[in-house]
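One structure is given below, encoded as structure tokens.
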Amino acid sequence: MLRIAMLGAGRVGQVHARSVVAHPEAELALVVDPIEAAATSLAATHGTRWSLDPQDAFEDASIDAVIIGTPTNTHTEMLARAVDAGKKVLLEKPIDLDLARIDDVWARIQAKAPFVMLGFNRRFDPSFREVKERVQQGEIGMVRALRITSRDPQPPPAAYLSASGGMFKDMTIHDFDMARFQVGDMVEVSAVASDNGLDAFREANDHAQAIITMRAVSGALVTIVDSRSCAYGYDQRLEAFGDLGSLEVGNWTATSVRSASATRTEAAGPLLNFFLERYLPAFQNELDEFVQAIKADRAPAVGFADGRAALVLAEAANESVATGRVVKVG
Amino acid sequence: MLRIAMLGAGRVGQVHARSVVAHPEAELALVVDPIEAAATSLAATHGTRWSLDPQDAFEDASIDAVIIGTPTNTHTEMLARAVDAGKKVLLEKPIDLDLARIDDVWARIQAKAPFVMLGFNRRFDPSFREVKERVQQGEIGMVRALRITSRDPQPPPAAYLSASGGMFKDMTIHDFDMARFQVGDMVEVSAVASDNGLDAFREANDHAQAIITMRAVSGALVTIVDSRSCAYGYDQRLEAFGDLGSLEVGNWTATSVRSASATRTEAAGPLLNFFLERYLPAFQNELDEFVQAIKADRAPAVGFADGRAALVLAEAANESVATGRVVKVG
Amino acid sequence: MLRIAMLGAGRVGQVHARSVVAHPEAELALVVDPIEAAATSLAATHGTRWSLDPQDAFEDASIDAVIIGTPTNTHTEMLARAVDAGKKVLLEKPIDLDLARIDDVWARIQAKAPFVMLGFNRRFDPSFREVKERVQQGEIGMVRALRITSRDPQPPPAAYLSASGGMFKDMTIHDFDMARFQVGDMVEVSAVASDNGLDAFREANDHAQAIITMRAVSGALVTIVDSRSCAYGYDQRLEAFGDLGSLEVGNWTATSVRSASATRTEAAGPLLNFFLERYLPAFQNELDEFVQAIKADRAPAVGFADGRAALVLAEAANESVATGRVVKVG
Amino acid sequence: MLRIAMLGAGRVGQVHARSVVAHPEAELALVVDPIEAAATSLAATHGTRWSLDPQDAFEDASIDAVIIGTPTNTHTEMLARAVDAGKKVLLEKPIDLDLARIDDVWARIQAKAPFVMLGFNRRFDPSFREVKERVQQGEIGMVRALRITSRDPQPPPAAYLSASGGMFKDMTIHDFDMARFQVGDMVEVSAVASDNGLDAFREANDHAQAIITMRAVSGALVTIVDSRSCAYGYDQRLEAFGDLGSLEVGNWTATSVRSASATRTEAAGPLLNFFLERYLPAFQNELDEFVQAIKADRAPAVGFADGRAALVLAEAANESVATGRVVKVG
């Protein structure tokens, strides 16, 4: 059994904790959160120990690995301390909002050849994974265009927005990684965005929606269409368009019921509400990859460099919005 | 140019007239209807001649063919006179409500080896035809089950009901023919029906809905689910289920628009309203088969015997409802 | 925590065991199977105790409830002994293949007002449940027709067939219950069936496919289309057709990927393979109902009488196939 | 009857000719094409007169209107001569490849307040029209994002490419107009494109695919995803995303058949091949608008200014590709 400490008992920490408990080869050894109510509540739910101090995780020799789901601005410190303590790490995205700090922490830990897996859970979604596999098998030939649609059901609260690092680093970061997962590294990024006239976004100097266009090394053109709100739920789609055909990932509804009435036919229900519902299997598969890679003593499927690369794209998108220019990357 | 007279200027007559006019190798030479307003109106629409008396069609040597779309109880007489006059005939379904009269008229005309095509337009619908062709090509292997759904948007008026010959001879007749078109002749028929507690049907001793089950000579089991009303429009579906897979014909909407909102996703519009809209291409293809078969001097794809066979199944269904027994046919 | 013993460590026993372990208010206290390898394997998987003798479950005062997933011919004995021992019972379908034995066991236990829940897991499927709820809310008006499609991916082995009690009691039993769940009790049953010319079914005097038609007390007409094999996977659909519209339950695929190529568009993947995959959430919800009903000291949502009623319909269907007649029930 | 001369007997001329003939209030009075074989063939098909010289149309006082479907580089001359001759004009897109010539011809004819309708047939497609109408009725609230997908089944021949004016003026022009039709005028255009490594496009200095991003005056962000080839047919989709929901236009297949097999389910057939099939009703509706506007002596729904505006967007897209910058328009 792999003994895992969960650092951070917030929303994503709760998801990871559940996956750990359900995994036959993993054990939730400790929950850490500086907010006592959060730590005790999550620990109680799963009948495990808790602490207010991550040092308790790092110093506990019986703990093999930590999942870092703390606030973004603590990520690099937690990562460095975990690596120093010899722990395997699953680190939530983004690594940090600042590329310099990312490079600093890497410089500090790289000599240890650390095991660091990045929490890009969508790579482990069965549908997105199937697309990649079928593309690799040549089913649709060379991929010429990739289209990602990503719309959250509701915008985050203003307080969240101000600390988020902006849409591209907070939300689109997943889409940047998905684009790299599907078609590899990028050479150009351009982006347009809008606050949709909403005060919350304007005051945060942030976007309500954005369209990002990228050119991959492979020549594929990538479109990301993002929105911070979506009336019909959590819209998560992808289209890979190749010389021989296309593969599309559609949305999920809670049931397979379709209704017909005098005014409409084939109507499905609303989409699965948000990422906890939509990506539940992805979180579980992600944890399994974490466990299997550690067991096999191999590198995880998604690593520190992937976390950095996604942030580079986010910064390029910010620059493109600011300058109205295509930005070269890589 | 094939010169055609249209006998009957009612709803189906209007559909046929339009198909004739649009056909590059056919010409609408005459419209006949005892109701002067009907005859003149349809003739005027297409700029052709009209008459109150079918004899004008039969005696006109320049007329090659007639389409019989008169009331059902005049079909056999019209057919006999048309054949006597040497005209090619496209006869609307059903041939007659009475099997004895059907056999009588055939006895009278068969020596002339008449060209008689039956108006089972659904055989010419591109989707139903595609199913048959793909089945013949072996795509789904041996067909084990066939399912036909047929629901009219609204029940006919009471006056129509009383003269209709009942649901099985009036409406299900199309489905009986479709079943034979897809899987061949039948050996057993059973049926259950309901008036849904509605006076109109009870008073006409008729059904608001019915389920007919048949066994084909091939061994395939057939289900027909019929209803005289359907809130969401004209529901016309079919499923052929075989050893290697299935082929399903779905419904059509007027546009390809799908909507999503807080309460539903992927909602299509209402179905095409009724048979004039849904089977417009089928009527056109049917007329083309009429023209091509005459031109090539060959038998039409659907003939008198098919019209008789469908009525035999309708009578068996009536008997099954009355006796609660499976009825052997053929 | 509700302490549960699992009687029977076969396929369905494994499913239930997993649900018990995953349920926050239930505990798998004991696994019983006369085949030692089966008992020990399942017990080991979940780190619990095992026994070859159900008496160990009945005599253990710490055990609150048992799930009976043993061979059908032992159901009534297990049920009686469990009730005598004061255990709450979740009993797999069918109660027994013989109505007399069903009535006997009930006569024996009824004075104890036993808690007996029947394992009709499909009632707990979110999609079927949603249909029932929306019907109850009046969305589609009075239900006039109900259509159930149920096709297994592959026929069971010959050995299974011979002990199964026949298609209607073994497989269609779920559909009979679903029909009652959706539109209530029945008054008439008729059925046609075919062995599709296959020796395995002919030798077992059983069916490869069947169509069952029923009339409900409510007046609704019900069609069940069943097949023991289906090339494209486990086909589980339902349509409730009412005066104001329809509600349809469609199939599930493993991912939401759709593909397009030169020969086809919008192609989804194969269906979820079989009941373990398709009805996993249903099994979990079923167990939750079992736990909640026990906790609340109320009757379960589906009881002994429902198990008996489904068998009555299966016997009527058998009689209809044998006689070619509509059979009255209830 | 409106008497119409068709100038140009090529592919689009043939489509228009058929619409004219089928229209109850229009008559095909003359077919003009300098290639005698083309002129005579089209005239013979519809039993009308032909000429090699457009002057015959302009000088014929019995001719009310002309449809200009000649090569693009003759459009402005034909338009000017037709207006001078007092004819109503339906002009195929683009008006011209050069904005200066467009402005010149307008300067020359505007004093005559000419009736000039532009051949943006997609505005008359029932699905795109339905989206616009439902948006106007407020169904999805304020439109925030519009997405247009437009993929031709096969690239045009090299000879066509070299004279086409480039992808944006030749193909995307329709999408620029559709964007304006749905969300109004634009303020910013940016575009990226690729020749996909194909010689034909590189040599023509043209694109195999492109992504165009625009910002509308309304604030809506527009994405156009275009490709000169598409393995699965003519891909024509649109999504309007608003505050209250979305409306999507999907593709059309020739039949409603769906197939299931061991490897796939719900597979539809290939898409309608190309614009002649996909937009047949749109061409017919377009002609009807031409006729009705003339009859009612009102401006057509889409005019000269719309043709010019689309070309302005095409030029901006060209500039954006060349400079890597967002280009301001309007």
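When the chains are written out, they are named A, B, C and D in that same order, and each has its own residue count from 1.
Assume a residue touches a chain if its C-beta (ideal position, glycine included) is under 8 Å from a C-beta of that chain, and two chains touch if they have at least 3 such contacts.
Here the structure is a predicted model, which is why all the values come from computation and not from measurement.
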Chains contacting each of chain B and chain D, listed by label: A, C
Of C-D and A-C, whichever chain pair has more C-beta contact pairs: A-C
Most distant chain from chain A by Cα centroid: B
Chain A-chain C separation of Cα centroids, rounded to whole Å: 40
Computed distance of Cα centres, chain D from chain C, in Å: 57
Per-residue overlap in chain B, given as positions that touch at least 2 other chains: 140, 231-232, 244-246, 251, 259-262, 269
Chain contact topology (line, ring, star, complete or other): complete
Residues on chain B engaged by chain C in the complex (per definition of touch): 140-141, 144-145, 147, 151, 188, 190, 192-194, 196-197, 208-211, 213, 215, 219, 221, 223, 225, 227, 229-232, 241-246, 324-326
Residues of chain C that touch chain A when the two form their complex: 22, 126-127, 130-131, 134, 139-140, 244-252, 254-262, 269
Of all residues in chain B, those that touch chain A in their complex: 231-233, 251, 253, 259-271
